[in-house]
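After the structure tokens below, expect a handful of questions from me.
Chain lettering (A, B, C and D) follows the sequence in which the chains are written, and residue indices restart at 1 in each chain.
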Amino acid sequence: MSLYMYLLVAAIIFTIGAYGVMTQRNGIKILMCIELLLNASNLNLVAFSSFSGNATGQVFTLFSIAIAAAEAGIGFAILVALFRVRDTINLDNINILRW
Amino acid sequence: MNVILLAPEILLTLLGLLVVLLGLVSKNKNFIGYISAAGLFAALILLLGIKGQGTFFYEALSVDPLSQIFKIIFVVVSLLAVIASISYFKDNRNQDEYHSLILFATVGMMVAASANDLVALFVGFELASMATYVLAGFEKKNPASLEAALKYFLIGSVSSALMLFGMSLVYGLAGSTNIPVIIEVFQANPLMATSSLGVVAMVFLIAGFGFKMALVPFHMWAPDTYEGAPSVVSAMLAAGSKKMGFVAAFKVLVLALVALRMDMQVTFAVLAVITMTYGNIVAISQTSIKRMLAYSSIAQAGYIALAFVVTTQLSIAGGILLALGHALMKGGAFIAVALVGHMVLLDNKNAKNIDHIENFAGLGKRAPITAFSILVFFLALAGIPPSAGFIGKFVLFYSITIEAVSQASGWLLLVVIIAILNSALSIYYYARVIRYMYVLPANGVKIHEPAPYVLALVLAVIGTILIGVYPEPFIRMALDAASVLGVR
Amino acid sequence: MALISLMILVPLLGAIIAFLTKTRQQARAVALIASVIPLVISLFLFTYFNRGVTAIQFYEAYPWIQSLGISLSFGIDGVSLPLVLLSTIIIPLTVIFAWGETEQANKFYGLILLELVGVLGVFTSLDFFVFYIFWEVVLIPMYFLISIWGGPRKDYAAIKFFIYTHVASLVMLLAIFTLYFNAFQVSGVLNFDMQYLLKSYSLIGSPLLKDVVFLGLLFGFLVKMPAVPFHTWLPDAHVEAPTAGSVILAALLLKMGGYGLFRVILPTLPFTASTGLLITLMAVIGVVSILYGTFLALAQRDLKKMVAYSSISHMGYVTLGAAALVPLSISGAMFQQFSHGLITGVLFMSCGVIQHSAGTRIIHELGGLAKHMPKLALVMMAGFMASLGLPGMSGFVAEFLVLVNSYFTLPTFVILALFSIVFTAAYHLWAMQRAMFGAYNEKLGHIHDGANYEIFAMGVLVLLVIYFGLNPGSVLNMMTANAEHLDRLLRFAVLRGVIT
Amino acid sequence: MFSDYAALIVLLPVLAFVLTLFFGKKFPSGGAALPIAAIAGSFIISFGIFLEIYPHGTVQQSMQWFSTLNFGILIDPLAVVMLMMVSFVSLLIHIYAVGYMSHDTGKPRYFAETSLFTAAMLAVVLSDNILQFFMAWEVVGLCSYLLIGFWFHKPTAAAAAKKAFLVTRVGDVLFLAGIVLLYVNMTNILANTGFSLEPGNFMLQFKSMFAAIPYIAPTQLTIITLLFFGGAVGKSGQFPLHGWLPDAMEGPTTVSALIHAATMVTAGVYLVARTFPMFVEAPNALLVVAYVGGFTALFAATMGLVMNDIKRVLAYSTVSQLGYMMLALGTAGMVLGAKAVGISMFHLLSHAFFKALLFLCAGSVIHAVGTNDLREMGGLFGKMKITATTMFIAALALGGFGIPGLHIGTAGFFSKDAIIEGAYEYGHVTGDMIPYVFSIIAALLTSIYIFRLWFMAFSGKPRQDRHAHESPKVMTIPLIILALFALFFGFSQAGFYGYLETNFELMGVEIGVHEGEALHPSTLILWLPIIVGVLGLVISYLIYNRRILDMSRIVTRRNPVYQILLNRYYEPRLSSYVIGEKLTHGVVAMSGEFFDRKIIDGLVIDNIISRTLLSLGDVIKKLQTGVVRNYASVTLLGVGLLIILLRIGGM
């Protein structure tokens, strides 16, 4: 299975994530889509690293997974806080700041 | 490996942890602000004091003039923000977390500044970003603040994902994450980067950095976030973390461009011109000063981005100078806005949109020092000499002009002309605020301006004017920093 | 002996002190002192200036930004000294005239002093960078003078003034960049020294670039002068500005443009790629400004606006005289700057007094003021006569020199300019007749004559106008020396046959 | 020893001006004493200088002003006679004014201004270079402006003053243009030809000008002289710039006397006389002078016939007499050479005396009756004998009464006949009789209107019941003195001519004085002027005293000729209304204003540039929807666009 298959998969995942980010209203779903985006990159990294045979990519992946986790945490925290004051996580209604 | 060179980062990291601990044990937390301020000040001294260069952690980090000058910017901005926060978050229960977050954010930026490896760069970026996500939403009860945080967070993580994707592709192409190595590889076989994969990688990186720089079209989050976030945090974002994008761009993009002899002049010219024009024109029609400042900082990003159009040493030096100046001016301006908000709240406990321009009426009488510093910042932002803003624009525009002349390229000249027309146009909205402050009658009594605010403002004012009146050392620093990139 | 820097620093200090003063008495006292000291210094310079020497005198330089070859260097020669003198004469008189200012007096006087700092800096600095900085610094206080103490449409006028002239100076800045870079390419030295850059102008490679640079500079100066068609900021600014502001604006700020012509444009003009064309351009602009200003002044209903347009037409003589490139016409143009500075002061002060006591400046709402304001009528009449070029007043000498000597190179333009003289007289006399003479307009109620300090300031100016009208030599000789110095360049150009 | 103090001739009155202006109130009778003393001083000095330099001497003093220009004094025969006349007449007028203005509140201002007026005129007379001449000339204009508008609260006065200044200004511009052209020519000559100034001489000095004449191209010379003449036309109220002079009557009568007799209007004639050598070299210019003069003489006289304002009649008579002087310079200049200056100047002087007299008499009448309107006067002879008598003498002088055979007659007789003879001689030589015809007809009209004035004023029965009384001594004595001059000045004719003929030799200019070919005009020609004079007297006696025919049938609205004359050929309407208001202000200026405010400023600056930018912001900012999804979309779309952009613009 060639490298490009991996890259293709990653690209597809990325596209799905991007599409989700652009279309979803629900905060949680958007967070998940962002996870997709990040994991697409991770897949890339791992694929490259395994094909080129140096470990940096995998190290990088570890870093990014950790970071992604933290990010998700923060994201949920914000959403929760927002839900407390606004009683919604439908992001289309969160637009008091505009223009 | 001489660890002294990393002393500032280490110091701040430890301080951040210390602050959290102190927060756990102590009841009244107002003293914490002073501690972190002192720590940042010490870090600044160290930065200025330390001479020498070096790389660390298997060349993951490198300390060089470029990184140092940006670190100075970051520390100065955080220092100003922290000093102001002493008053802003007075008697707030969560001061300890706030300050530790600011310190960690600073560290993150500093790491990004001296990153010599994509991993380090990414980590630094994310550390700073996450800290600032939280800071933006630090007023938990304030929907605006939370909304700001949310938007900032979502767009931020999307673009960091883009950046990561770009990095992964770069890694795939170059087989390494160490920036110098990447450059070498690219230089060895340019075709690699001119391949579509290379272009995509490049674009994703631009997107990732452009998000921080708030370049159009990656700017969408900026106005909302700057408006919604607590003013001191906005100061931090606009003045500090924004520059992280630039330093990253300098490190990666410029090097890549130079290495690949990629002709991205047009691309960046278009980006820069659109950005500055958009920022200025929209800024004109704002009534919320924070939002106006947000757009104006978008415009400023546009000016700075001109440095990428002609990647000469001078242009990058100009960009760095303008970044430095902008850090002071914009940071100061946001802090001044914070003070005005403080004033408004004194008038009326539950006042809505406290940064509305109406609240600036007669500020010259109500809060003379604030008004005067706003005057200085705005004139400097408009590029009126003698000020940091003028020096930055001076060098930057000069570098573009001479490129236009020596390449005899008309469209470059056009770019400069658009730039100067922009900076003339910007006067319109700066002057409007000035008019409110000094011409219109005051609708309130003269207030007592809290010492910390005043201190922060005065420092920023002095810095702004000092760079304008005695730019010699700063220009040298900028030139040295730019020389690191080995551009002509 | 760092006289010049002292002359610039004193008002700067004065301004800061004035801002900090509490009462208007203190403020105006500070302002007076801080503006009289420069006057004393400039009189000293005027006395000990070595006439007939074209070189820079009282030179002083301090290193500033070595990395860009910028140094704080100051000095005066025959071109700048008269203007320095003018500035130091006008500002104290303005302070005296505005002696009764009550609204935010400390800011008011402080800003006036800052104006003095700016113009002195512009007229004395020999480094292009420093020149530019002062050139810009002048804008800010004027912006405030208009927008705080101005009339009903002050916001519009102030911002228009600010942005309009700022754009002009930015364009000029680009031209300066090119000069600077060109000099660097030629010599490998970074140096912002004005003379050095101007000398290097002739070494610019491409002819197109030469003209572009020249036009950039010219644009910067013409807007300040202002010359038609870049003048529209002026009437608004004048109409809205407070009297002191108008006086400074017309008497000093406009002169910066003319100074630029003599200091920067004329030395480069012979070496442009299409000198003949550019000379014609300047001459056309000059004459058009003269006639246009005259006829528009004829159309005005507002006394002050009329005076504003008359400034445009008078500054047209400066452009024309400069374009003629004859030594005496050039020195005539320089003298026109000097004399117009004095005369226009009187005119705007008159407008101020009328506005203040009659409450309006609309000419047909006035009438018969001379009956109740004899003192004003006297000085105002003198000022108007000077402005319409009555012999024995400085204006006549200047315009005569310009017209006569321009005739050698630009006969047709001179003939056109001569036409304006009648109409110039026409609008001055018309205004006098409607405003000051005829039956007293009882609607105005009881009005009082100008205050003594106001009349004093105007009287001094009138006396100076008459003095320099009868004895122009004292300033003219130094101007002529420099004009002839310029003339050598021009002669060279004539030999190359670029000047028709 | 007087010649050392020549400068004082001007400086004394100037000093008097300053003192009277600022401290006049502190002196008795509004400080009239100061100017009177000063002008008396000027007169004494002038007279002393005359005695010193007679018969063949000049006073020349000169100092550099700046570059090639100078201030200087040149007193030659031509100048010295003018000096004496000006200072003397204006002295008498000042004395008279003490009485005339006694009730006026603005006395200090009045006397200050008249003093400056005199000073300026004296400066004109004794200036030794054309530029200084011009400067003084302008100050004269200024003073006339101030004095005509002396009663500035009268709108008509203010308007008249403005008109006077502007109309003369037109002439002045021409004069200035002439100077410019002269200056340019002189410079080129000095640079390119062998011509050079003697050491100590300056470029615009009359000497230098005359010396340079041979080098100046004839066409240039003609243009220069014509431009100078343009100046003269303005100042001396010649056609077509005559309109301001009658309006100038708005000022006090004494001012009119000053303007018409001593100062101002004579300056124009003096200018031509002064630069006569240049005119002589430019025959075409002389021809123009002759015709303009002749035409004006006739043209003005016609209007003098119908005016009802006593002062306006005199004003038109002045215009026409000035026409005579120009005529003399023109015609006699071509046939008699330098003698023309003598002829014209002689008429200038005698005219000065009797015209001053006429005005002062008129003033005295107005003073008594309180109106300017002739129709309300009449029968004053009994009440004010001195005035009536002196005025009659003046009228005789103006009419030029005398006995040709045995040289007896009034001043006007000698001077005017000489002019008419000159015109005849010119006609005889060139066969162009038009100027002569003009002059004869003008003479007839002159005598008609002046005696009409006299009869209407003094004869018949009073037409109003205001008891008029003779004026005080201070006013009558000047009348008597002037009357004596009007009677007897004529007898100095021969000596006068002789004295002035040599004038230009003194400056080293040779102008042939060719006596025509021994011309013996027939007795008819000799007697014709006096015949028409008497004829005029008889006509007006029959009409206005005996009333043999009822004027009211001729003087009606329906009589077009009368209408044209009464409306002064519609000149005032044309100049002030059509040209002034409508054309200049209404059309040119207003369209300029529109262009400036609406097109340049309104359209370009305000609407197109600023408004667009400002409104653009409101539109664009709507992109910032506030919905985070859109933000993300924009970001990702941006990425896509960037890739495309790089593909196109980049590699």
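Throughout what follows, contacts are C-beta pairs under 8 Å (C-beta built on N, C-alpha and C of every residue); 3 or more make two chains touch, one makes a residue touch a chain.
Just so it is clear, the model here is predicted, and its values are computed rather than measured.
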Return the chain pair with more inter-chain C-beta contacts, choosing between B-D and A-D.
B-D
Suppose every chain is reduced to the average of its Cα atoms; which one is closest to the average of all protein Cα atoms?
C
Can you compute the centre-to-centre distance for chain B and chain D, using the mean CA position of each chain? Integer Å is fine.
78
Length of the line joining the C-alpha centres of chain A and chain D, rounded to whole Å:
98
How far is the middle of chain A from the middle of chain B, if each middle is the mean of its Cα atoms, in Å?
26
Distance between chain centroids, defined by C-alpha means - chain A, chain C (Å):
65
Among the residues of chain C, which are close enough to touch at least two other chains?
none
Multi-chain touching residues of chain D, meaning two or more other chains, are 621, 624, 626, 628, 632, 636
Contacts with two or more other chains occur in chain A at residues 21, 30, 91, 94-98
All pairs of touching chains, please: list them by chain label.
A-B, A-D, B-C, B-D, C-D
Touching chain A in the complex: which residues of chain D?
621-622, 624-629, 632-633, 636
Which stretch or stretches of chain D touch chain C in the complex?
65-67, 131, 134-136, 138-139, 142, 145, 149, 152-155, 157-159, 161-162, 165-166, 169-170, 172-173, 176-177, 179-181, 183-184, 187, 580, 584-585, 588-590, 592-593, 596, 600-601, 605
Chain D-touching residues of chain B, taken from the complex the two chains share
150-151, 154-155, 158-159, 162, 194, 199-200, 202-204, 206-207, 210-211, 216-218, 220-221, 223-224, 262-264, 266-267, 270, 278, 281-286, 425, 428
Quick one: in the complex, what on chain A touches chain D?
18, 21-25, 30, 91-92, 94-99
Mind pulling up the chain C residues that touch chain D in the complex?
160, 164, 229, 232, 292, 295-296, 298-300, 328, 368, 370-371, 385, 390-392, 396, 400, 403-404, 407-408, 414-415, 418-419, 421-423, 425-426, 429-430, 432-433, 436-440, 472-473, 476-477, 480
